[in-house]
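By letter and in written order, the chains are A, B and C; residue numbering begins at 1 in each of them.
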């Protein structure tokens, strides 16, 4: 069960064109290509003739050419060429998906195209002109919800990330101030730890040495983005605006797009104010690999034993709020789609 | 659903003896061995004692010895030796399959042995004495029907084989003359393209340079052979007997034997009139690999999405005729086997 | 269907601690660790918080710490630490399994802990102080019963082990004297072959050359041990006490622990009276690999075709007795567990 009516991150803008991008999203095979006008289009990756993936084909001025018998489909999914045949049936078409290129991400709408509202695409509060931006993309063998939950329960830092962003921090995380609130579009988690020693990653990446105040601000935005604004400053200098005049602020956009029921694409962008260097992406990769090892083991365990006999603890508040939001949204989408069916029956 | 009453290519003659040949055909594990008289015999590859594959065993003068406890089975599948035991029950036997060695192929009959008629084995119109013969054998991860259909719709050449046998040929294939007819044993497809530039493979293999007439004559012979006779000659010199006095003629026997529901053995022999060289087999391999890449992607796509919402186009005529033939044959076989059951019940 | 109320070999004593041991037994994921008192404890390998395997965690003085959010479980499976939370619910616990360390093996009880009786652990008739002991541990992709059956039908030696312990022995094995009896705890098989040439392994390992008497004494002890006492002596010098004053005696403990329905751990120890050398373990490995090749092929065959249409032969007596024992024990366990349910309902 996935939310269909929502914008998911399909990938980075620069993954398309001249190359095709083939990616499975919500169990559906998608192919994206850049059309003759430079616009990225997304089609069902399955020719309507013999079901061969269109991603084996080539981009032509008129659209995407199937690599088996040469049928060409335009960006709306209509077949516009069949070899040796001038008349083309209107049934010769493949599904087209709304796709928007914005903030160096490709945003795809998996539900009813009539509902696709570009205003719902999350606003990314940085750009590569004024920030140092690092990127990461990996497919993780776990249910996308496990990854969302991971981000909304940060007491895992001193254990999963004991050598990087959580080193020597168990007591600090145990005593963190935590605020959780439901928002219009998801869940908002804010954590503050005051007067703590910096973890190794902060020392390595930002030269932190004395005691710091550290904050973590995470917004889960439905269906599947976590927008993180975190940072630290000298102990005692943190105010509530997240705009410290010492230390560092950094953003991470976590785009977590379901691939199948038990796998997801983790497509992320990190921005900070440091001069360009390879260290940032490397640090991001290392931290994410620590998560992935745990998450894939968790997925295998759940596949064998289910989710029964599990208990929640106090630090789970944001995770539980996230789960409730998703369940409500799924129920609302199911109800709306049933209403549509009734209306269609009445017509 | 496979046709059982028919001759399938199990492999090449020289694959058996002194070595065993273990191969799965129509979801059944088969072991073939050469008996003391030099005759190739085919048995169920499963000892009736503890279900161990007989192909782990050894050929003995009396038959095939199981590698676990030493039981020996003769070519009829009867057990003729049990260690330390002189009396042998008639129930100690494994299934034997009719097998005929002909034209350097092994032909196996998967249905009722009483119906196995050697006269139904397709006649191969060449031999390695007077032709240059190249061979190829590969297991393809697709339903055998996808491979048969591939051969019966040759408009795929300019796309799948754009670097080999179909290079620069889209317009020629779009304008090809096509004849399709139903035959007693399958489907006959004939295509002719006149006054065209030769594809790269013809130039490389046969030195073709000026404009040519090219013909493709393919006979699908049920249950699973395609006998191809193709060639080319100087433009304007083609007559309808396929016996041009210029250019080249070549044959391909495509033996396409189902392994499982989603895989098949592609066992093929190509004959032409050129002097011996490695180029022929290499060219065959390259072309087939181009097909295999598409077919395996098609199979994965169909496994995920089924065959619904597919449309046919004009060039599909032979493919559709092939599908109809197979469906009719399956229905007839099912009906005949039901009649058998009724007759048995009456007895 | 497995017997739960019984002691299985989980592994060797020296596999645990400082390292954890994670192993799946009877389809259940187990983690073993050595607690602060040096005692080996076995827990369900799944944190009750988010189902992550505890084997990703660390051993702490208080117990085993989960690698995700740091919850700590003691050897009884009770949670004794949650980060930032002082009160801990009694429901925060994981299953603990009775575990006994004895004779360099770890013995685990998979059923009702109230029934775990250490007196039922098989007595191992050797120790590494007075014997040369070699060890082997491998996971085999077959139902554990296939491996037990293999050990209880030794006419496979001249075929499966034709290059090692069964070389040149078909006639000898065909004429072996065999005694099979049901015991309180399993099945007892005794075989004697008199006046035979020694197999290659006896020549290589023990310098056997002239004619020998060879005996094989195997006790299947439910649920899943075979205790083997075998050996040989000069022809004519064997008495029935298995204590020949010439030749060699050796023991093998075959610990065969189901991992899943179609795989098992083969954990074995071999003891003889020779001076230390690597030859012993190497010989054991080689012989077991010969079995494994056959058993895994047998498993794949049974997975495809089931166990129907199989026949038994005369040498199967001990195997059949073993199967009967296991079936009876399974039926008794099922009945006892139903009685428990009825008694609970009455209370």
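Basically, a residue touches a chain if its C-beta (ideal position, glycine included) is under 8 Å from a C-beta of that chain, and two chains touch if they have at least 3 such contacts.
Predicted model only: the values in this text are computed from it and were never measured.
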Completion exercise
A correct list of chains touching both chain B and chain C reads A
Handout entry: Same-residue or different-residue interface between chain A and chain B, half as cut-off
Key = different
Practice task
Please compute the C-alpha centroid of chain A, do the same for chain B, then give the distance between them in whole Å.
Solution key: 47
Problem - Junction residues of chain C, two or more chains touched - result: none
Handout entry: Touching residues on chain B, where the partner in the complex is chain C
Key = 27, 29, 45-46, 48-53, 56-57, 65-71, 82-85, 89, 91-92
Exercise for the section: Note which residues of chain B are touching chain A in the complex, please. Expected result: 149, 153, 155-156, 158-160, 170, 173-176, 293-294, 297-298, 301-302, 304-305, 307, 309-315
